[in-house]
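So that you can tell them apart, the chains are marked A, B, C, D and E in the order they are listed, and the count of residues begins at 1 in each.
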Amino acid sequence: MTMADTVLESAPDLLVDTDRVEQGDLRTEEMLVNMGPQHPSTHGVLRVVLRTDGEMVLEAIPHIGYLHRCAEKIGESLAPYQYIPYTDRMDYLAGMNNNQAFAIAVERLCGLEVPARAQAIRVVFAEFNRIASHLVSLGTYGLDMGAFTPFLYCFREREMILDLFEAACGARLTYSYITVGGIHEDLPAGWVERCLEFLDYFEPKIDDYNNLLSFNHIFVKRTAGVGVVSVDEAIAYGLTGPPLRGSGIRWDLRKVLPYDGYEMYDFDVPIARSGGTDEIPHGVVVGDCWSRYYVRVLEMTQSVRIMRQALANLPDGDTEAKKIKNLKLPDDEVYVGIENPRGQLGFYVRGDGSTIPSRVKARGPSFCNLSITTPLCRNVMLADVPAIIGSIDVVMGEVDR
Amino acid sequence: MTIGVTHFLVVGAVMFCCGLYTMSTKRNAIGILIGVELVLNSSALNLVAFDRYMGAGRLDGQIMALFIIVLAAAEAALAVGICINVYRNLATVDVDKATQLRG
Amino acid sequence: MGEHTYEILLAAAVASPLVSFWLLVFFGPRLGKPKAGWVGVLLGMGVPLIMGTIVMIGWWFFEDEASRAALTEHAFRWKWANLGAVAVDIGVKLDSLTVAMFFMVTFIAFWIFVFSVGYMKGHSDEVSGQCKYWRFFAYLSLFGFAMLGLVLSSNLLFLFIFWELVGLCSYLLIGFYFDKAFASKAAMKAFITNRVGDFGFLIGLMLVYFHLGTLDLDQAATRFAEQYASGTGIFASGFTMFGWSLATIMGVGLFCGAMGKSAQFPLHVWLPDAMAGPTPVSALIHAATMVAAGVYLVARVYRLMTPDALMFISTIGCLTLTLMALIAMVQVDIKKCLAYSTLSQLGYMIFGMGCGAWVAALFHLVTHAFFKAMLFLGSGQVIEGCHHEQDMRKMGGLRHKMPFTCWTFFVGVLAISGAGIPAMHIGLGGYFSKDEILAVAYTRSYVWGEGDFSKHEAHEGEHHSSTSTVHDVPVQLAAYQEHGEPEHADHGGAHESVDAHSSAPLALIFEHTKPLPKWMFWLAIITAYITPFYMMRCWWLTFMGKPRDEHVHEHAHETPMMFIPLVVLAIGTVFASYYLFRPLMADAAGAATAAPMVMAIDGDVHTPAITSAHSWLVYGVGFAFVAGFALAYLIYRDGLAVGDRIKQRLWPLHTLLVNKYYIDELYELVWVKGCVLLAKTAGFFDKWVVDLIFNLAAAITERLASFSGMIVDKHGVDGVVNGIAQTSMDVAGVASSAQTGRIRNYVLVTAAVAAVVLICLVWFGTNSGYSGARSFSALSP
Amino acid sequence: MTQFSVPWQPRPAHPYGMASRAVIALAQSVYGFAAPIVSRFPGAILISAVIATCVGVWMHSVLFGWVDTQLIQAAVTLPDYTPPALSLLSPSTWGLTPSVIHALRVDETVAASVAGLLDYVLWPVQFWIVRDVVGLGALFGLFNVIPVYVIWWERKVAGRIQSRLGPMRVGGWHGWAQSPADGIKLILKEDLVPAGADGPLFRLAPYLTIIPSLLAFLALPFGATYVLRELDVALVFILGVLGAEVVGVILAGWASNNKWSVYGAMREACQMISYEIPMGMALLVPVICVGTLSLSGIADVQQGGWFSWIAFSNPFCFAAFVCYFIASLASLKRAPFDLPEAESELVAGFVTEYSGFRWSLFFFAEYAAMFVICAIASIVFLGGWHSPLPASWGGGLGDGLLARGLTGLLFSGPIWLMFKSVFLLYVQLWLRWTLPRIRIDQVLYSCIQVLLPLTMVLVFGATVWTWASTGHNALWSTVEAATRIILGSIGLVFIGGFIAIAGYGFYHRRRMVGNLVQDVMPGS
Amino acid sequence: MSIDRVNQLSSTCVRRRFALAPALLVLGVTLLCGTRAMASSGGEVVTTAAEPGSLLEVVLFYAVATMTIVSSVAVCMSKNIVRMALWLFMTLASVSFLYFLLAANFLASIQLVVYAGGTLVLLVFGVMLTNKSPWARYTPGKLELVGAAAVCSVLLVALWLVFLRAEWSRLPGAFAGTSVADLGRSLLSVYVVPFEVAGVLLMIVMVGAAHLARQDK
């Protein structure tokens, strides 16, 4: 028995909702099981307390806070450009997008104009990072389902993306590339060509993933119809990103509230469809794990499409706005939400006339999406819990901040 | 020194007595079941030994042992089912607690 | 035709419903509502019907008697297992009876299956979510398998297995609406009552197994005859019980099975309750086929019967037919009315079997199957049409709403009443079959009673030329030759010959056979008058007169798919009886009744050779239906008023009948309460007597101790006395705690006793060695 | 000083005793001596070791055979001969003395030139117990080698499937020493028994797991004469002992006192018990067709080449092969049925709390059982140790040593059984690295609702088929032959397709897929 | 890498490897218990155990019998229910080896498959499903323990006496061995009815056990 179990069992009343256990319900040993914080399929340090009856999970309660680093508070003692490196440590799988979100928030607050070239490059990197992030999500989701191989295929491609990131900004995970007022540095020579080459290479790989994983019979059996989120539920729980679109709601901030010139690009917002139609396998229900998963696959295609457009029409010019040194934040507040790979990532920034914001608050998609875990994991099989959590695709760094 | 039927019978007798002891001292229903299995097995062993040494090739003992195995499996399946049910209803498998039918 | 063609066809026909059963079990839920039913119809009974028809046609029209006999002789047998010294064969009993029964069962069952497709649509899932449509057809298919297997079995063991299987199906189908308490109770009742009968059957079976050393029907009969001739085996046993010899007990035991399944008098209680099942089930299982299996069984083991056993059978049959007919007169539930009528008719069959009318009883079985199935389906149509209303008092005037049902039902009523025109030799099935049973009964009670048959002794040796003598006898007798040798060839007319059995002289049979008591015959005659009355009453109350309940009448309607079977069965009732089934039965009778101690009597009174001495019977019974109909018409012409008046006038009788002679209550009193009483007595003894002794002993000693403590020196003697008291308390405690209620302690005690016994054995057997070993060696060959 | 709260009691390090020091020193010196050589010719050494093993095994069979046929048969004719029994009490049962052997041997040209020492070498071979010990040693060696190299191979296969290389360093050539090195590492790892665990049972469980799979080797024939104990019920015996493996797993799960372990154990028990039934039933199909439970007996009827293999003998056997393979995956807890140790659900299932040597024992057991199961599949369905060529073709080769060698290589020899088993093993690995894992309810569904009825039908069908075949009907024989040809052709197409795919992959292989951007990018 | 370094890295437990010893014991016993085939004239394989009367048989018998007795005594001495089940498994496995010695190979294998594999797992299931803690002790009374011990030992002695007294020589003799085919034949001819009845029984038990253990009532 591990320590955690001992602790847990000493105060079981906190966790077991005894009222819900019907009297006379002939239960075999109900058990409280800790899934995490050190568990292979909780993707980090998420701890889920499962109340199980045999293989059935009666209740799953996520416990968070194992990775809390006061990220928001730190933002209140640093100048915005100093705070940029902290943002990409939140959702560490989508550093570019996080940088972008905070940068745009500060730009809006200060009314900075970002040059066209910088905006285009931002779009390229945001989408590129979206692909990288979705690749991780896909691969690890396969891993959750017991398929090890797709994981390595995904990471193979991701490594190439990271190579390109490294070439652009020198870092492979925490980029701090997109900064307030533009981007940190212009692209290196030949980067665009290499990137296009990669996109040519990458696009057919998406079909590979589909063949390997998405349409694998067992995979579909495991995920289709599991953890169904209805439209109402999705809205009520404030889901955003793939989980929201996986429930069939066409909502994407890039379309709805465009930023960084997304209105100039031509792309679709993929949403889930139910099974039996076209290529969607039988048994798939809108809002289930498979739908959430597949929305990500489709989004990768769209990202490639956006990147191609952006790279083709990359304007010349500056990559950084004027007047960003000693930026004074006006006594005002702003909230900007952008479409992170995981959903709506919003930054609320309040200035007080100094160079340091008086309040920084992030609205993280993972944190909000995670809230659906408990209702989804009610009366499911034990093996469905990783399927559900994996399909929500949380990054604990951002949940805990 | 030859091994004869008596040798096997002695082993069987020890097993039988152990099974009996288990049956009559355990209060756990499954413990009693385990005792029963021991007793059944000892009788099967005796049958096979008799069959080997004085069955004159008629195989009766082996077949009886076969049936004992089958019946023991059946009995165990049912008994475990009953134990589980008792457990669900009484939250214990202590046979001394199962006294609902006592007059 | 190749070798074993018939057997293969019949086996295929038996297998098909089994396939259908498994299909429905596995895929039934997926097949959905009408499809599952059609699978049941086509695979479950369609295929057997086709096979049965082919076999029927081939057997009757394309084989002559010689080849039929040869086929019977060389029917398929495959040795399956050895039960000790007894070989058990899987085989087919192939003779005219099998073929006829097979055809009858498949034909009727097929149409009932068709009927069910429509009927169960509204009666399954909607009524209760649990009672699935497909399950009904799965059970029906299983029943088809079991019933056909039963008919086909050449072996008592397999007959018994299928016997139990039909019982199981009956149980399942009676309890089809198992979430309704009455249905599940009825199912339970049927099951338990049948077990009582089957216990007797099992005893009979074991006697056959043990004394005759075989379970094969034919072989058992041969052995029985041999043992009778030589006075060995079962006849060598001096065992008697109620004055019955062991052979009689065997026959009665076998008959007990039939009593259960055919619901004969003391065990009849389940059949009326069995009407809780869906109506097609009542029609098929509880009227046409399964309940007739008892009669079939008696027919099959007829050769193992003794005169005493037959007398018992006829007594039971006679009681049943009368008592049940009386109850039928007062029933108001349409299905119950039919159920009691079924009981009464079954009584006729059993009665016929008992008094030697082998052919007639089986013939009656077939005709009854047709018209009773039709009547039940008609009642099903009515119930369905009237939205589950079964009370006849609320019906009336339905002829306009459901004309087809009305008139097919009327055909059934005519048939069961034995309607026919005696002089013209025209009539429905029941007319011929019932008359024949009565004729045989007449022969048995009057002709034999007057000793007319003593003259046959003189002709024993020359039976070939003795035919002329018997022409004086009003009813022709035929004790058939063994192995069913064609009689036509020998004597020029099947119905005009008397033939002594080769292994048992006719004289011997006469010597054994006592005449039938006259009251039995008269009861049967009276019941023949009662039958038309209650049937007419039933029909009239349902269909004729004015509607008595507007609500019911308004909703009444007919369903087309459901009346097709009605029409087909009506046609079958009219045509396919006397000219098809009677000769088949007569053909089978030869070999099937070649018994050493009893004989079958051919009582066909409707042949042209009918004599005047017997004609009063023919006319008297033949017109019974007119009298019965007239009475019913007079009483129920204007509704229930007259009937109610009669009811009030005869209230003691009516109350008795309505309460079915209080037999259920009697059983409740004797068995259920009796058991409880026994248990209570034992408990009482345990609680008061055993405990009392211990407690008393303890108390007395204690009192004694305290008493003596008062007078004697406390300090000196107290210790001793208290010690004694305490000891006896302890002894009492220990002794009473021996009953711990813990099995493990009992186990231990058992083992301890075993150990003590073993040690004693060893101790006292010191010099002579362990006697166990000797007994081992004694056992070994 | 703060004390870390750990769930186990901190223990002092045990100093090594002299024996351990000696063993370690020996290992080090051997490695120091061998490493340079090994790293120079790694591939050659590995391959020659394999060949040497084969030759050794083959030679010992030749030797035993020679002793049997030549020596003992010749000796029977001697006066006062008693069969060798090695009863310590009576010297008369000590068999042929070396001098007698020498006398018999001089007739033999093969060994005539060898010195008289050989007589003393041959002397013990006449005793069964000696042969048993030799065979046991060989089996034990095999039992150790198989898991080690199957694990290595699995890692290579997994690497290839996942577009990487797998182990490449240890030992040189394709990391061939990776698994032994891992083994050494595992032995030296700290062996933890969690606090609150049932210590004795926790320690016992790995052995209870490994012994059954070891026992299975006893009755497993590798060739017509390569079997330690020829059992007439070998099939049931092996099934039985492999089934007993589950006890160890359950105990491991239970004794760990970890909830995930208990989950793993329960899943394993549930899965194994349910899949034993379809597995056994699927094996009953060929048993019904052949009429024996002896593995050698089953293999014997498949001498007639590819089309005589039982899998192709009738449709029921063909389907039974597939059923058996699926069910065996489940009872071996291999992917996609690897629920008991599903790392994404149960951390590591019943082995969660195990480490070091005990942990490796579970894997020894698992991989050995995998091999046994595949070997049974090969013997029962795929012709056993017979090659796809009919054995009758080798009839003209004669009885010489070369002829025996050729026969063993081309027609029937253990190498073919190894080859087939390893092929099936490869399919298992292939599946594992391709498929996701299914859920426990789906596992049980596929057992109880799919495989079980299916195998029941197969058993029934096989019975009918066999019954029909006993009739010696000419028409039926034609049907049978046609069935064999059709099913055999399907098998050929399958194998052909496999080879074609493999060839295609080999032809289009790329050394590293990931090198697209690596070396050309600025800054790299 | 020096020995000290190794010492430092791995803190414990090389000596634990010698726990292999019991495993090897079991292994060796089983190996030697294996039977040897002897082709009979009829072509059917008839097997015998280690040659009757040989030293091997004696050694094996005593080894296996000791194992049986030790583990069956351990069953009744264990307090923990899981350990009881484990010892039961040991007993059953040893009995299966005894069957091998008794030339009942098929029975031995079946014992392994059905008993050790099936029944025991069932028991363990029962244990796991029904025990809050396997260490939960339901101790019977002292008197019961003593009584049981006394009765069992008396019974054992009595049985022993009986064995000693019995005149086994007067019984029909031993036989060489038996093949599975013989067993099958007699099962399907002489014992066919018990066989079928057992089949029906198993079916009923299957349904009954499934019903009893059903979750949703």
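Criterion: a contact is a pair of C-beta atoms (placed from the backbone, for glycine too) under 8 Å apart; a residue touches a chain by one contact, two chains touch by 3 or more.
Please read these numbers as outputs of a predicted model, since none were measured by experiment.
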> Steps needed, at minimum, to get from chain B to chain D via touching chains?
Replying inline: 2
> Which of the two pairs, A-D or D-E, is linked by more C-beta contacts?
Replying inline: D-E
> By CA centroid distance, what chain is farthest from chain D?
Replying inline: C
>> Farthest chain from chain A, going by the mean of C-alpha atoms per chain?
In response: C
> In whole angstrom, what separates the CA-based centres of chain A and chain E?
Replying inline: 57
> How far is the middle of chain B from the middle of chain C, if each middle is the mean of its Cα atoms, in Å?
Replying inline: 43
>> Nearest whole angstrom, what separates the Cα centre of chain C from the Cα centre of chain D?
In response: 63
>> For chain A versus chain B, what separation do you get between their C-alpha means, in angstrom?
In response: 60
> By residue number and range, which residues of chain B touch two or more other chains?
Replying inline: 20, 24-27, 54, 56, 84-85, 87, 96
> Touching two or more other chains, which residues of chain A qualify?
Replying inline: 26, 28
> Touching two or more other chains, which residues of chain C qualify?
Replying inline: 744-745, 748, 751, 776, 780
> Across the complex, what residues on chain E touch chain B?
Replying inline: 52-53, 57-58, 61, 65, 68-69, 72-73, 75-76, 81, 84-85, 88, 91-92, 95, 98-99, 101-104, 106-107, 110-111, 114-115, 118-119, 122-123, 125-127, 129-131, 138-140, 144-145, 147-149, 151-153, 155-156, 159-160, 163-164, 166, 168, 171-176, 178, 182-183, 186-187, 191, 194, 198, 201-202, 205-206, 208-209, 211-213
>> Quick check on the complex: what are the chain E residues that touch chain D?
In response: 1, 3, 6-17, 19-20, 22-23, 26-27, 30-32, 34-37, 45-47, 51, 54-56, 80, 82-83, 86, 89, 93, 96, 105-106, 108-113, 116-118, 120-122, 124-125, 128, 134, 179-181
> Of all residues in chain C, which touch chain E in the complex?
Replying inline: 80-83, 744-745, 748, 751-752, 754-755, 758-759, 761-762, 765, 769-770, 772-774, 776-777, 780-781
>> If we count contacts the way the header does, which residues on chain A are in touch with chain D in the complex?
In response: 1-3, 5-6, 31, 33-34, 39-41, 54-55, 142-149, 152-153, 156, 159-160, 163-164, 166-167, 170, 188-191, 194, 197-198, 201, 213, 216, 218-219, 221-222, 381-386
>> Touching residues of chain E toward chain C in the complex: what are they?
In response: 140, 144, 147-148, 151-152, 154-155, 157-159, 161-162, 165-168, 170-172, 188-190, 192-193
